[in-house]
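Same chain, two partners: chain A is paired with chain B first, then with chain C.
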Partner chain A sequence: MTTLVAPGTPTELRGAGLNSDTSRAIGAWRGDPDWVLDWRAQAWAAWETIPMPTPTTEGWRRTNLRILALDKVHAISDAVAHVTSRADLPASLQKAIDTGFDHGAVLVQENGTTILTEVDTQLAGTGVIVCDIHEAIHRYPELVRAHLGTLVPPRWQPGMPSNAGKFEALNAAFFNGGTFVYVPKNTTVSLPVRSLVYQSDADAAFFPRSLIIVDENARLTYLDEYTSVNTASPDAPPVFGSAVVEIIIKDGGRVDYTSIQEWSLSTAGFLTQRASLGNNASCNWVAVVLGGMYTRGTADVLLQGKGTRADMLGLAFGEGTQVFDFHTLQDHQSPFTDSDQLYKTAMRDRAHLIYEGLINIRTGSYGSNGYQANRNVLLSDTAKADSIPMLEISDNDVLCTHGSSVGPIDQMHVYYLLTRGLPRPVAERLVIQGFFEPVIERIAVDDLKDRVRAAVDRKIGEQG
Partner chain B sequence: MATDIEVTSKELAIHVDPNRERLLREAEKELPLEYSAGWSDPETYFFKSGRGVSRETVEMISRMKNEPAWMLDRRIKSYDHFLSRKMPSWGADLSEINFDEMYYYIKPAREQGKTWDDVPQDIKNTFDKLGIPEAERKFLAGVSAQYESEVVYHSLREDLEKLGVIFTDMDSGLREYPEMVKRYFGTVIPYKDNKFAALNTAVWSGGSFVYVPKGVHVAIPLQAYFRINAKNAGQFERTLIIADEGSYVHYIEGCTAPIWSEDSLHSAVVELIAMKDATIRYTTVQNWSNNVYNIVTKRAVAHENATVAWIDGNLGSKITMKYPAVYLLGRGSKAEIVTAAFANQGQVQDAGGQVWHCAPETTSTITSKSVSKGNGRTSFRGWLKIYKGCVDSVSAMRCDAMLLDKECRSDTYPTIEVDEEKVALGHEATVSKIGEEELFYLMSRGLSEREAITQIVNGFIEPFTKTLPMEYAIELNRLIQMQMDGAVG
Partner chain C sequence: MVAAPATNAPIHQSSSDGATLAIRDLHVNIDSREIIHGIDLTVNKGEVHAILGPNGSGKSTLAYALMGHPRYAVTSGEVELKGEDLLAMSADERSRNGLFLCFQYPTSIPGIQMGNFLRLAMKARFGDAAIKTFRKELTEKLRILKMDESYMRRYLNEGFSGGEKKKAEILQMALLKPEIAIMDETDSGLDVDAFKVVADGVNAMRGPDVGFVVITHYNRMLEYIKPDFVHVLIGGKIVKSGGPELALAVDQHGYQPILEELREQGVEIELMEEAGATYAREEPTEREHDPFRSHGLTGL
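After this line comes the complex of A and B, so read on.
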C-alpha cells in the first residue's frame, strides 16, 4: 500500500501556493484515479467561482477573514516519514495518544501524511476498515467513490446558499490526508477508533478529509483530534487549514462521535463536520473546541431517515483574542425525527463567541422534535458573545423549542465555594467545570468523558 | 452564570377589570363574523397624483403642502437615496411590488374637519361604519382619522389642549410647530435607514404629531385611524411622538382597507422620543385587507428611566415587514415589545422586535406570539444588542409559534449580541401545534372543534390581548374568530 503513496513530497510542490497546478500535482503525486483528479478540478473551479464571503454576506457578518494570508500559504508540506511503532513517535504525539484507555484503532497523521496506523487485529478480523483516505481510494475504490463528497460536495449544488462551501471546496481541491473508516453491517466496534491530525509545519496548510461509513445496524465510537504548532513568530501569518469530515450512518446504525480541537493559538482554521442518518439511525455528537485564534466550526446533522435521533453537544472555552464562529444545522427531513442540541461556552479576556444554529423541519417531517440550547458565560468584561438560534418550521405536527442565554459566572456559586475555604481561582475554575459538566455527562463513552475533562481542565488551568 | 430569566411585565397589565373576561365573552357573541371593513367608497377626491413616483411628484407634494425649504430638500435627498438603495434581500418576497403602478399622493378633501359634520359624507360614512366617532365619544381622549394621504378629521379633548398637549396631523405639526418638528424629525429614523424609510421620507403625508408636556399624564388613549380606499394607493404616514419629562401617553392606531385585486402599499415611519422618566405606549392593531404590502419602520429612543412599550398586532395585510425598535439611551430605561401575528392563507407576517441597550441598568422584554393557518407564514426576527459598559442590564426575549395546518410555516431568527459581561439575558422560543389533549378536553365539554381551537388560540395570544384596552381586546378576539372561520382569504 505504501507504494501507492510516494515517500516524499516532489520538489516542484515544495513551497507551491494554492493554485490549480498545485491541486493537480498533489493528485498526481497521490496517484489519484481519474475520477478523483476530476473531482479536485471541479473543486478548484468552485473555489474560484464562489465569491469570498465578506462582512455583508449572510452567515459571515461577524467573521473577519482578513486575518488569513492565503497568498502566502504553502499548499502542502514535506511528507513525514512513517514510524513502525508508537515508541518511535515524537514525544509530544506519544503523550497525546497515550491517554490511558484502549483503542480499537489509532491513526496518527502529521502534515497530511499518515505516520502511524494501529488496528486491533480482532477488529480487522471483523471486516472493519480503518486506514488513510488515500489508501482507501486505491484499495476500496467502489466504496469510497459511492460516498466521498455526498455530504460535503466539492462544488456548489442547487439548494445551497450561493456563498456556501467555499472553504470546503478548497479542502476538496487540495485534500491531503484524512481517515477512512468502514464498519460493516451488524458489527459493533466497542473500543474507540481514534484519529489524531497534527500540523507541525506552520507555513503549510492542512486539508484533511475524513470519510466514515457505518453500515446497517453497525455501531462505531470515534474520537477525532486536531492539533497544530504555533507559528515561529507572532507576526507571521496564521497556520491555516480546512478540515472536512463526512459521517454516513445507514439504517439502524449508531455513531458516538467526539471531536476535540486543540489547535495552537496562532492557527486560523475551518472545521466542517456533517453527518447523515438513515432510518432509525442515531448519533451522539460532541464538538469540543479549545484552540485556534479563529475557528469556523460547521456542524450539520441531516436526519434523512424516519425515526432518527441526533444528540449534538458543543463545548468551547476561549481566552486571549480567540474567536469561535460556530454554525450548526439540525435538518429534519423525515417523520419522527428527534434532535437535541446543547452548546455551552465560556469566554475569557477578549475572546469572542459567535453561535448561529438552525433547526429546519421540512414539510412532511411530522412527529418530529427539535431542541436547541446555547448557554454562554462571559468571564471578563471584555469578552463577547453573539447568539443566533434559528428555527424554520414547515410542518405543524412537531415540537420545537430553543433557548439561549448570556451572562456572567454565578457569583453565588463562587461565594459558596469561597465560604468553604477555597481560594477564588479554584472556586471559579470549579464553577466553570460544573457549567460544562452537563455537556460532558452526555458523552456516551466514559473514557471519552475523561479525555474531554482533561482537555478542558488543561485549558482552564493555563489561566491558573 | 447564564440562567433562564423571567422578567414580569408590570407596565403592561393596565386594565384589571374583574368583569373583563365575562364582558369579552358576551361581546364576542354579538359581533358579525366577516371582514367588515372590506367595502370601498367611490373615488371623489379633491386631488389624485398620477401613477409612479418621480422627483416631480416629490416636489409637487411639497409644493401643495406649502412646506419650508428644508423639508423639500430632505424629501429630495431621500428620494435619491430611495433610488440608489437596493430592495432588502432578506425577509419576505417583495419582488411583486410595482413602484410605478402606485399612486403616491391622494388628497381626499380640500379641508380637514374639526367636527365629524365637516368631513365629506362618503368618508364620514366610512368612519361611521368602522365605529370611530362612537369610540371617540366613549373612551378616547383624541382622534385622528387619515383617509388615503391626508388626515380628514382630527380632535383633541379640550382639557388636554389646555394642558399644552399637542395632538395633530404631521402636516399641521410642521406648519404650527416648525421648530420642534425640525429639531426632531428624522432623528430617530434617518432617511438613510432603509429603502422604505427613504421612500416614506420622500413622499410622506399625514400621520400624527404628538407632544406631551412635562409631567402631563394623558390617562386615556389617543387614537389614529388609517384607511386606504383607492386601488394601488400608497399610504406613507409619518408619525412623531415626543413625551417630555415625566409624562405619559398611550397612542393607538388601527388600519383597514378595501379588498381590491390590485395591491396597495402602506409604508409608514414612526418615531417616538421618551424623555427622562416619560412613558410611551404605542398600540397597533393592523387589519389591512390582504392585498396591502405593509412595510413599516418604527423606532423609539428612551432616555433616563423612560419606558417605551410597543404593542403590535398584525392580523391583516398580504406581506407585513415590521420590527418595532427601542434604543435604550438613558440609564434605567425600559423597553417592552409585545407582538402578535396571525398569518392566514396567502399571508406573510414577518414581524419581530429590536432593542439596543446603550446605557447601564436598562431592561427589556420582547414577547412574540404567532399563529399560522393554511399556507400562512410567520417569521420572528429579533435583534437584541447590549453594548459594552451597559452593566446590570437585563433582557428576556420569548417567542412562541403555533401552527394550525400542515402547509404553514414558522421561522424564528433571534440575533443576540452581547459585549458586556455583567448582564443577564435569555431567549426562549417554542413552536408547536395545538395540543391534542387541550382540544379533546374542550370538545368533551361540548365545544365544537372550531370553537375549541378558537379558545385555545385566544388563550395562546392572551399575553398580547391583555395589554389592550377592553374595546380592542374584543375586536381582536372577533378578528381571530373570523380568521378561524375562513371568512377572509
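After this line comes the complex of A and C, so read on.
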C-alpha cells in the first residue's frame, strides 16, 4: 500500500484562471522538481503560441470550440480528502469501483487528487509500481523523467503525429493528477490495473496525465475510466478538461488497454492517448466513449519496433446533441508491423460523429499490414456521421485496406426480432448491442467485456 | 386478373366466425404491384392446412403479409386472429398474440447470442414468469431437435447451415408455443436427416392448441406432416381446396390438370413472370428470393 501525503490546495489558487501564474503555482504546490517546472513553462508558452483551432484548421473543420468558456474555467479545484478504504468513498464511486471483478490495483482520483490507492501486496512484491503521477515524480525521478512527455510532449514538435497539440500543451502546463504504472521486465500483471478519474467540481478543469511503462517482455492489463459531474445549471459553461495518457511498451511487451469515457453530458473535454511499441511488442486497445457533450478523442499507436502489432477498437454511442470528434493514427515506422482498427459508433437524436483515421506507412516499413474500418449507424434522421479514413503509404510490399460506412439500423434485423414478439425498442437495442459486440468481443479480459457491456447497456437503456 | 372461381370456393369456408385465424378477401401488394388477389382461408387450432403452389404463386407473400413484413402492403380484405383485427397489430403484437412465422430464409444477426435472444423472446411472449422455466424447456426442446447447447452461445443464425437455421426456427416455434404457426417452405434446402428432425419437431408440437399453415411446393413435407386440408395457390388465388388426396394428385400430375380445369370453367389465372409457364421445380436461389436482402450495412 502506498499513499500520497499531499498538502491542501493553496486557498489562493481557488478560482484562479488558466494563466502562467496559476501554472507555476500548481507546480510549486505539487513540489515539482526544476525540470517539471521548466516543462510546465514550456507547455504554457506552447499553449500561448499555438493558434486556437478554427473551422478552417486542418483536422478541426467539423469542430466547434465556441462551446468552451476557457476564460471562466478554474485551473484547479480544492483538494479532496484521502480515504483509507473503499467504504469511505462517496457512494457513486464505490458503485463504480465495485463491479464484481478482482483488480491488481485501483487508483481513484477526484478533482486531480488521488484519494484512494489500493495495490495488491503480491503485485507490489514483484516490483510493479502503481501510484499517483506526482508521487512517482518524487519517488522514481529517473524513470519518470526518461519517459514523461516522450509521446505527448509539452510543446508540439514539427513531425510529431496528430494535430497541433494545443490542448495537450494545456494539459502539460496545468497537469494535476494522473496515474503512473511501471511493470518491470518479464513481469506479467494478470489482474487488471484500474484507474478511475472523477471530476466532481464542475467549475474547475481536469488535467490528469498518466504514464504507463511496460518494460521488456512484460505484460499489463489496464482499465482507464473517466467520469464527471453535470454542471449545476444547463446554461453554465461546460465542465472542461484535457486528459493525456502515454503508454510506452518496450520490446516484447504487451498491453491490453481498455478506456471508458463516461463524462457527464455537460462536459466538453479532450482525451489524448498515445502508445509506442518497441520490437515485437503488441497492444490491444479498446476505446469506449459514451459521455461528453463534446469529446475530442485522439488515439495514436506508434509502431516503432519491428514486428509490432496493434489492435485498435473503438465504440461510441451518442444521443441528444453529443459530438464525438475522433482522430486516430496508425503510425508504421518499422518493417513488418501490423495494425488493425475497427471503430463502431451509433448516433441517435442529433448526435454527431466525426472520425478521421490515418494509416501512415513510413519509408522503411516494408512488409507491414494496416487495416482500418469505421462503421457508423444513424438511429435518427437528424443524427450525423462524417467518416474520413486516410492512407499514406511510403513503402512497398505493404497491405492496407480501409473503409467506412454510414447508414441506418438494419430494419430487416429489427423485423426478425419483432416477429418473435420483442417490442420495437427492445429489438432495436438488441440490434445495436449486437452491432457493438464484435468490438467488445475483442477485449482481452472477460471481466472487462462485461464491464463494457454494462456501460453500453446503461447508455442505450436497459433491456425490456 | 382473376374472376372468382365459384366452384372452387374453399370447402370449409361456411363460417369463419370464431375461428383462430380468419382471412377474408385478402389483397396484398409488393412495391405497388398486386401479388395476392383475394384469398379466403380459415384455420382453427388443431388443424393442419397445407398450401401448395408453384414458385411465384404468392405463397410466401401470404406468409409475410400475415406476419406484418413492412415490404408487403395489404390493400384490402380482413384478417382476424382469435377474433381480433390482425392487420391493426404491429409485427411484434402479432407474435405476442400467438402468430408465428417459420421463415424460409431466417435472418442472420451477428452479435446477438441465441440464448439471450430466446430469453428475451420468451419474456416478451409470456412475461417474467417464463424466465424461471426457460432453461428446463430449452434443454428439452434442444434434445428433441438434436441441437447442442453450444447453439445458445452462437450468434443468431450467423454461420448456421441451412439445416441449422431451420432447426433454430422450429426451436423458437416450440418455445413460443404459437396458436397459429405458418411454416414457409421449411422443407427447402434440407437434407434427409435434417428434414426428418424438423418434421419430428413439428409433429411433436401438433395437438389441439395449435393450428398450422404449411407452405410448400413439395409433397415430401406432407408425407411427414399429414395435413387435414390442402389448398392450391396459383396466381395469387386459392384455386382449389380439398383433403390430403389433393396433395397426392398434385404430386402425381402437377398443377396442369387444375389449370386446365379452371380454363374449362373460363377462369383466367395470372401467372407470375418469374415463375414462367412451365413451373420449373428448381429451388429458388437464396439471393433471388430472399425478402431479407439487406440494403443496409455490410460487415456489421
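The criterion applied here is as follows: the second predicted complex is superposed on the first by the 451 of 464 C-alpha atoms of A that agree within 3 Å, B and C clash if a C-alpha of one lies under 4 Å from a C-alpha of the other, contacts with A are read in each partner's own complex, and residues count from 1 in each chain.
The rule we apply is simple: contacts are C-beta pairs under 8 Å (C-beta built on N, C-alpha and C of every residue); 3 or more make two chains touch, one makes a residue touch a chain.
These figures come from a predicted structure and were not determined experimentally.
Visitor: Touching A:L418, do we find chain B (first), chain C (second), both, or neither?
Guide: In the superposed model, A:L418 contacts chain C only, not chain B.
Visitor: In the superposed arrangement, which partner chain does A:T401 touch: chain B (first), chain C (second), both, or neither?
Guide: first
Visitor: For A:R458 in the superposed arrangement: first (chain B), second (chain C), both or neither?
Guide: Neither partner.
Visitor: After superposition on the shared chain, which partner residues are touched by A:R375: those of chain B (first), chain C (second), both, or neither?
Guide: After superposition on chain A, A:R375 lies in contact with both partners, chain B and chain C.
Visitor: Please indicate which partner A:I393 is in contact with in the superposed arrangement: first for chain B, second for chain C, both, or neither.
Guide: first
Visitor: After the superposition on A, what does A:P438 contact: first (chain B), second (chain C), both or neither?
Guide: second
Visitor: Touching A:E58, do we find chain B (first), chain C (second), both, or neither?
Guide: The first partner, chain B, only.
Visitor: Looking at A:A385 after the superposition, I want to know if it touches chain B, chain C, both of them or none. Which is it: first, second, both, neither?
Guide: Only chain B; A:A385 stays clear of chain C.
Visitor: Scan A:K95 for contacts with chain B and chain C and give back first, second, both or neither.
Guide: A:K95: touches no partner chain.
Visitor: Please name the chain, chain B or chain C, that touches the greater number of residues in chain A.
Guide: Comparing chain B with chain C, the partner touching more chain A residues is B.
Visitor: Intersection of chain A residues contacting chain B with those contacting chain C?
Guide: Chain A residues touching both partners: 375, 377, 405, 407-410, 413, 431, 435.
Visitor: Give the list of chain A residues in touch with chain C in this complex.
Guide: Touch list, chain A to chain C: 373, 375, 377, 405, 407-413, 415-424, 426-427, 430-431, 433-438, 463-464.
Visitor: Once bound in the complex, which stretches of chain B touch chain A?
Guide: 1-5, 90, 372, 388, 401, 403-433
Visitor: What residues of chain A sit close enough to touch chain B in their complex?
Guide: 58, 363, 366, 375-410, 413, 431, 435
Visitor: Which residues of chain C touch chain A in the complex?
Guide: These residues of chain C touch chain A: 67-70, 90-92, 94-96, 100-101, 103, 106-107, 109-112, 116-117, 120-121, 123-125, 155-156, 172, 176, 292-294, 296-300.
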